[in-house]
Structure formats: C-alpha cells, structure tokens
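The following pair of complexes shares a single chain, subunit A, combined with subunit B in the former and subunit C in the latter.
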Partner chain A sequence: MQIHIDRAGGQIAMSGEFTFTDHIPFKEMVTEIFAAPGRAVVIDLSKLDFIDSAGLGMLLLARDEAKKSHRELILRHPIGQVKRMFTVTRFNTLFKVEE
Partner chain B sequence: MFGWKQSSAAAAKPPNPEPPAAPAPEAQRKQDELMRRWIAFAGMQQRVIRTLVGEIQQTSAIVETEADSLSSRFQRLAVCAEQQTQRVESLSRLAIGIEVDGEAVGIDRIAGLLEETLSDVVEKILLLSKDAMSMVYALSELNANVNRVDSCMEELNKINKVTNMLALNARIEAERAGTAGAAFRVVAGEVRELSGATQRLSVDMDTELKAVTEGIANGHATLQRVATVDMSKNLMARDRLEVLMNALIQRSGNLTDVVGEAMKEAEVISADVAGMVTGIQFQDRTRQRLEHVVDTLHVVDQALDELKTTTADALDGPVLETPGDNEWVKTMLDRFTLGDLRARFVAQILEGGKPVDHRDDVAAPSETGTVELF
Partner chain C sequence: MCLSVDEQIEADAFVSYWNGVSEQTLEAALARPVHQCVEADLFDGCGGGPDIGRLSADRLSLVVTTRSAYRHSVVKTFVDALRTRLPLTEDLRIRIYSAAQEALMNAVLHGNLRIDGGLRGSLDGLIAAQSIIESKLDSPEIGGAAIRIDAAWTASEVEVTIRDSGDGYDYSGVRPAAEDGASGRGLEILQVFSDRVTVLNGGTTVRLEFQR
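Moving on to the complex of A and B:
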C-alpha cells in the first residue's frame, strides 16, 4: 500500500492493497496526522483496490484515535471490493462515508 | 269411453220425426270409401303413436341411465376436486415457509433471523480484527520499551566496566602506597566487589530481558498469524447469502401467488362441479314430462281405436289399406337420418311389427359414449 499525506489539508490518500503488513506505516501516519491541528481528517480511498479484515480493524482503531482527539474521520469515495466490504460491514453507520 | 258410439247413435236417431232423405247410391259409396280411408289412416296413426311411445320410453330410459352415470361421474369429480383444493391449500402452507417444532416459520422470518445472525457475526469479526490490531500495536509498543531497556542495560554494563577498572586501578595504587594505603585498599576491594555484584545482576537482567523479548516476539508472531487470517471472504459470505435469501423470498412470493391462483381456480372448479351435480338431476323432470306425453298418446290411441271400431261397425264390408295411404309415412321416414330409428319405424309402422323394449340395451352406458354420424 502507498500512503500520501497532505498535512496542511488533513487529507490522506491510500492506494494499492491495505492489509496487516501495512500496520506500522499506517499507525505512524495516524499518529502524525492526529498530532497536527485541524478538525476533520479525510482518507481518500478512490485508488485503494483491496482491504482485508485487518485493514478494517486498523480503520476502527484510527476512528478511536479521532474520537480521543475530538476529530472527525471521513472515508471518501471507496470503490470496488472496498466499497462492497463497507456495505457488508455497514461501515457507513460507524464512519462518515462520502461516495 | 269417449262417447263416439253414443254420438253416433244420437246422430242415427235425430229428434226430427221425419226421416232424412236417403243419399243417392253413388254418394253413399263415396262416403263409405272416405270412411274406409279414414279408418286406414287412423290405423296408421295408431301405429305411429305406438312407435313414438316406444321411442319415447326408450329415449327416456337412455336419458335416465346416462344421467345417472353422468351424475355418478360428476360426484366422483366433485370428490376429486375437493381433494385437489385441499392439496393446493396444503401446498399454499408449504410455499409460505417451513415448520419447526410444530410452528410455521415464514421464509421472510427465516431471512430476518439469518440477517440478524450474520450481522452479529460481522460485528464480531470487526471487533476481533480491531482487538487483534490493538494488541499488535500494544506489543509493538512493548517491544520498543524492551529495546529501550536493553539500551539502558548496555549503558549499565559500560558504567560497570569503568567502575571495575577504577576499582582495579585503586587497588594497584593502594599496593604502591604500602601501609599508608591499607584503608584505601579495603575501599578498592569493596568497590570491586560491588562492581562484580552489579555485573552479575546485569547478566541476570540481560537473561530475563532476552526471555521477555523472545516472549514478545513469539506473541507478536502468533498475533500476526491471527491478524493476517483474512476474514474478508467470510464477511462477503453475508453479501452472497443476502442475494440467495432475496432470491428465495422472491421465489416464495411467486410460488405463493401461483398457489393462490391455483387455489382460487380449484375452488371455482369445485363450485362448478357441485353445480353440475345438481344440474344433472334434470332427468327426473324429463322422465315425468315424457310419462305425461306417453300417457296422452295412449289416450289418443285409445280414442282412435274406439272411433275406428265405431266407424267400421257402420260400414258394410272390411276396411283395406291401400298403398296410396302409406305414401305420407314413407315420405316422413325418408326424412329420418338415424338408421336404427328408421329401421324400427319401418318394421313397426309399415310392416306391422310389435314395439321392442330396448331399455336393457342401454342399462350399461358406454364409457366413451357413441354418436351416430350423419
């Protein structure tokens, strides 16, 4: 998985496949982005092709971090398998998911 | 019975005392001839009437036998229709759902229960994934802490080595100072002792720390194996099951509609058959009407018989039928299209045969029924 962080805009763009092996860079990214000031954090998923259950778990941990920091975590434009996984797990009831 | 003789007698004895003028011989002969022709015609009429009576009785018997047979068949059909309605009703219950422990559970309720269970499973998988990743993060933090402790231990070892070196140097300097350095020698020995104890403690701590590091590494590896089990396919199973359940609900709905229509049609068929069973009872009225017709024809036959006898008595000589008198009968018979009917009429009317009772022939109606084609 590749991660591109826009610190000023509070935006993260993820691409490729988001699996267990990405837990270290993802945690670093989460720590870094929530340390910076701002209100909402947007994760752009329009180029993310695949997510497994570990990836979903990491997004839920990121949501907990956002709550601790009184920030909002927005998941933007999921596609393909990622979108289907969000539908099956009803992620839209846990996150703000923008189509 | 009909008073023909009295009327004839009355006509023979008019109240007028003056006798009528006698008819001329030619006129009397013509009158007698006409009377003979009338008697012959009456005889023919009687044979026609008797033949008709025979046909009516035979037809009545056929109608009654066939109607009874039809009624029996319709009653069997009514029973079958009723059973069919019950089967369709049973099928209707089967289409709606399944029976569990004597309780009917609808397909939509099964789908609801399955959806509820799957939602629970999905929720558990998400919670498990989140907790597993949380532990991975915690173990990573712990590993970092252990690494920092390990760095501290290395620093401690360095300090200990310096302390040990200092103690050794102090001991050398104390030996050089001789008796003056005796007290210093004791302190140097104690410092060296302390350095040795610190060294032993450091080794023990290093051993324990390695065990902790190894434990964390094993735990991390185990957790990694758990966390990398991809549950996404299990999550997607819900997606597939939802599609299947929707298809099942759709099929159940269609089946219910079809069975509902079949149920309505079965009820209509049952009602129609019941109506037909009632309607087929017409043969009783038909038989009674035909009996009245036959009775009337018998009366006409008797009247003709009496009038014919009375008329014949008034004539001199026998009454003979002439071939010309039968022409109208032959013309009538030519119009008959049923071969056996025509044969019976010819035998009974023209050839003077007796009416034959054919009712036994129709006692057992044919299963398929026969129709004479023209």
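Moving on to the complex of A and C:
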C-alpha cells in the first residue's frame, strides 16, 4: 500500500493493496493526520485496488480516533473490489462514503 | 509431507522453485507450464511438498514459508498466474482473490503464528502485535513453516485450498463481528465470496469452491 498525505487539506490518498501487513504505516498516518488541525479528514480510495477484512477493521479504528478528536472521517470514491467489500460488509452504514 | 530429490527430478518441468525475494520472481516461478511452485527454503523441509500423483494440467500449487506469505502478495500473484491458465471474469477474479486472501491471512496469523485475535481490536494492539509477529517470522521453526495454496478447476468450477502447518482452529467458535467491530469479518467474507466453504483437518485446511 502507498499513502500520500496532504496535511494542509486534511486529505489522504491510498493506493495499491490495503491488508493486515500495512498496519504500521496506517497507524503512523492516523497519528499524523489527526495531530494536524482541521475538521473533516478525507481518505481518497479511488486508486486503492484491494482491501481485506483487516484493512476494513483499520478504517473503523481510524474512525474511532476521529471521533475522539470530534472530527469526521470521510471515505471517498471506493471502486472495484473495495466498493464491493464495502457493500458486502455494509460499510456504507458505518461511514460517510462519497461516491 | 517432505520433499525429496527424486520427486523433483520426476516432476521436472512441472515443478519450479521460488527464491522468496519478490512478487516479480514469484510471477516468473509460476509462469506456465509450471504446475507446482515451491519456495526454495522449503526444499527438503517437511512443510508439505509436491504431490506428484495429483499434478495435472488443471491444477496449480504454491508452497511458501509463513515468512514469505506475510511479506509478499502471494495470493495476488497466484491469482494472476491462474488467469494465465483459465479465463476468469472480473467478478470471479475478485471473489477468488478476496476469499483466498482472507483464508491465507488466517492461516498465517492464527494457524502458523498463533497471534491473538484480540490484538486487532485497537491500532496500539496492532503495533504491539508487530514485535511478536517479527520475532516469530525470524524463527526458523515458525517463520519457515509451510503454507500451501492449491487450485484445481473444471469447466464449471474452481476450487482453492489453503493449508497451514498449525495445530488447527475451531471455526465453530467464531462469532460474527459486531456491526462496527474492528475484527471478525473474515469468515463472513469467505462465505459471501465463495459458493462453498469447507473447513478440513481440524481447521488447518480451508477449501473454497467457486462456480464459473
């Protein structure tokens, strides 16, 4: 998985595969982005090709971190397998997902 | 089952050896006409090897160490190799890839590494788990233990089997995830993306069946 962070804009772009083995860079990203001021944090998923159950779990943990700092986590434009995983696991009911 | 030199010679062009370095070298090792690929570190090891009697044109097998299964995208590369042998619709590719990835990570984390699933309940827990994981991956006995992926197909069905070297896992005790729980979705994903899931050999083996 690759992560590009736009600190000023509160935006993150993820690409590649997001699985259990990515938990360290993901944790670092969450720590960094929520340390910066702002309201909503947007994760752009339009270049993310694959996610597994551990990746879904980590997004939920990031959402919980957002809530602690009274911020909103928005998932933007999931496609392909990622969009299908969101549907299967009813993720759209747990997050604000922008198509 | 242990590998033997005789089996290597007998299997000749149908068996290849992967150096464990990268997805690129794995892709090359899985290129046609190979029917079975074994990570070189497992040669003469006892983690499961070529079953010569079962090798046929409609099968592909991969045997890797737990270390490599954790550190490389072996399922993605394996499914890409399958696509060079049989036509897969995008729907079927996604279903096989998604379900097999879940089964593989279960085999790695819970089968061979025996990582406590509770550590996945927080980001700090995941970080704590990492030092345990790295320590176990560096162990020759645990990191070097085998994980095996087999695929077999007919005109109407694809079957993928993932086997670990652990003591087994009681899937009957697995409960569905809480709606917004951070873990516990793996079994649901196996069931949704496969047409049939069968747990065998006391939980060390998961067979996934897909209609074509």
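Just so it is clear, the second predicted complex is superposed on the first by the 99 of 99 C-alpha atoms of A that agree within 3 Å, B and C clash if a C-alpha of one lies under 4 Å from a C-alpha of the other, contacts with A are read in each partner's own complex, and residues count from 1 in each chain.
In this text, a contact is a pair of C-beta atoms (placed from the backbone, for glycine too) under 8 Å apart; a residue touches a chain by one contact, two chains touch by 3 or more.
Since the model is a prediction, treat every value here as computed from it, not as a measurement.
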| item | value |
| --- | --- |
| Superposed partners subunit B and subunit C on subunit A - clash or fit | clash |
| Touched partner set for A:R39, first subunit B, second subunit C, both or neither | neither |
| Subunit B versus subunit C as contact partner of A:K68, first or second or both or neither | neither |
| Subunit B or subunit C, by number of subunit A residues touched | C |
| Contacts of A:G80 with subunit B and subunit C, given as first, second, both or neither | second |
| Contacts of A:L56 with subunit B and subunit C, given as first, second, both or neither | both |
| Touching partner for A:T19 - first (subunit B), second (subunit C), both, neither | both |
| Region of subunit B that runs into subunit C when the structures are aligned on their shared chain, from 152-160, 206-214, 224-232 or 278-286 | 224-232 |
| On subunit A, the residue positions that both subunit B and subunit C contact, one per complex | 19-21, 23-24, 27, 52-54, 56-58, 60-61, 81, 84-85, 88-90 |
| Subunit A contact footprint on subunit B (complex, rising order) | 119, 122, 125-126, 128-134, 136-137, 140, 224, 227-232, 234-236, 238-239 |
| Subunit A partner contacts - residues on subunit C that touch it in the complex | 70-71, 73, 76, 94, 97-98, 101-102, 105, 109, 120, 122-123, 126-127, 129-130, 179-183, 185-186, 188-189, 192-193 |
| Touch list for subunit A against partner subunit B, complex | 19-21, 23-24, 27, 51-54, 56-58, 60-61, 81, 84-85, 87-90 |
| Subunit A residues within the subunit C interface of the complex | 17, 19-21, 23-24, 26-27, 30, 50, 52-54, 56-58, 60-62, 64-65, 80-81, 84-85, 88-90, 93-94 |
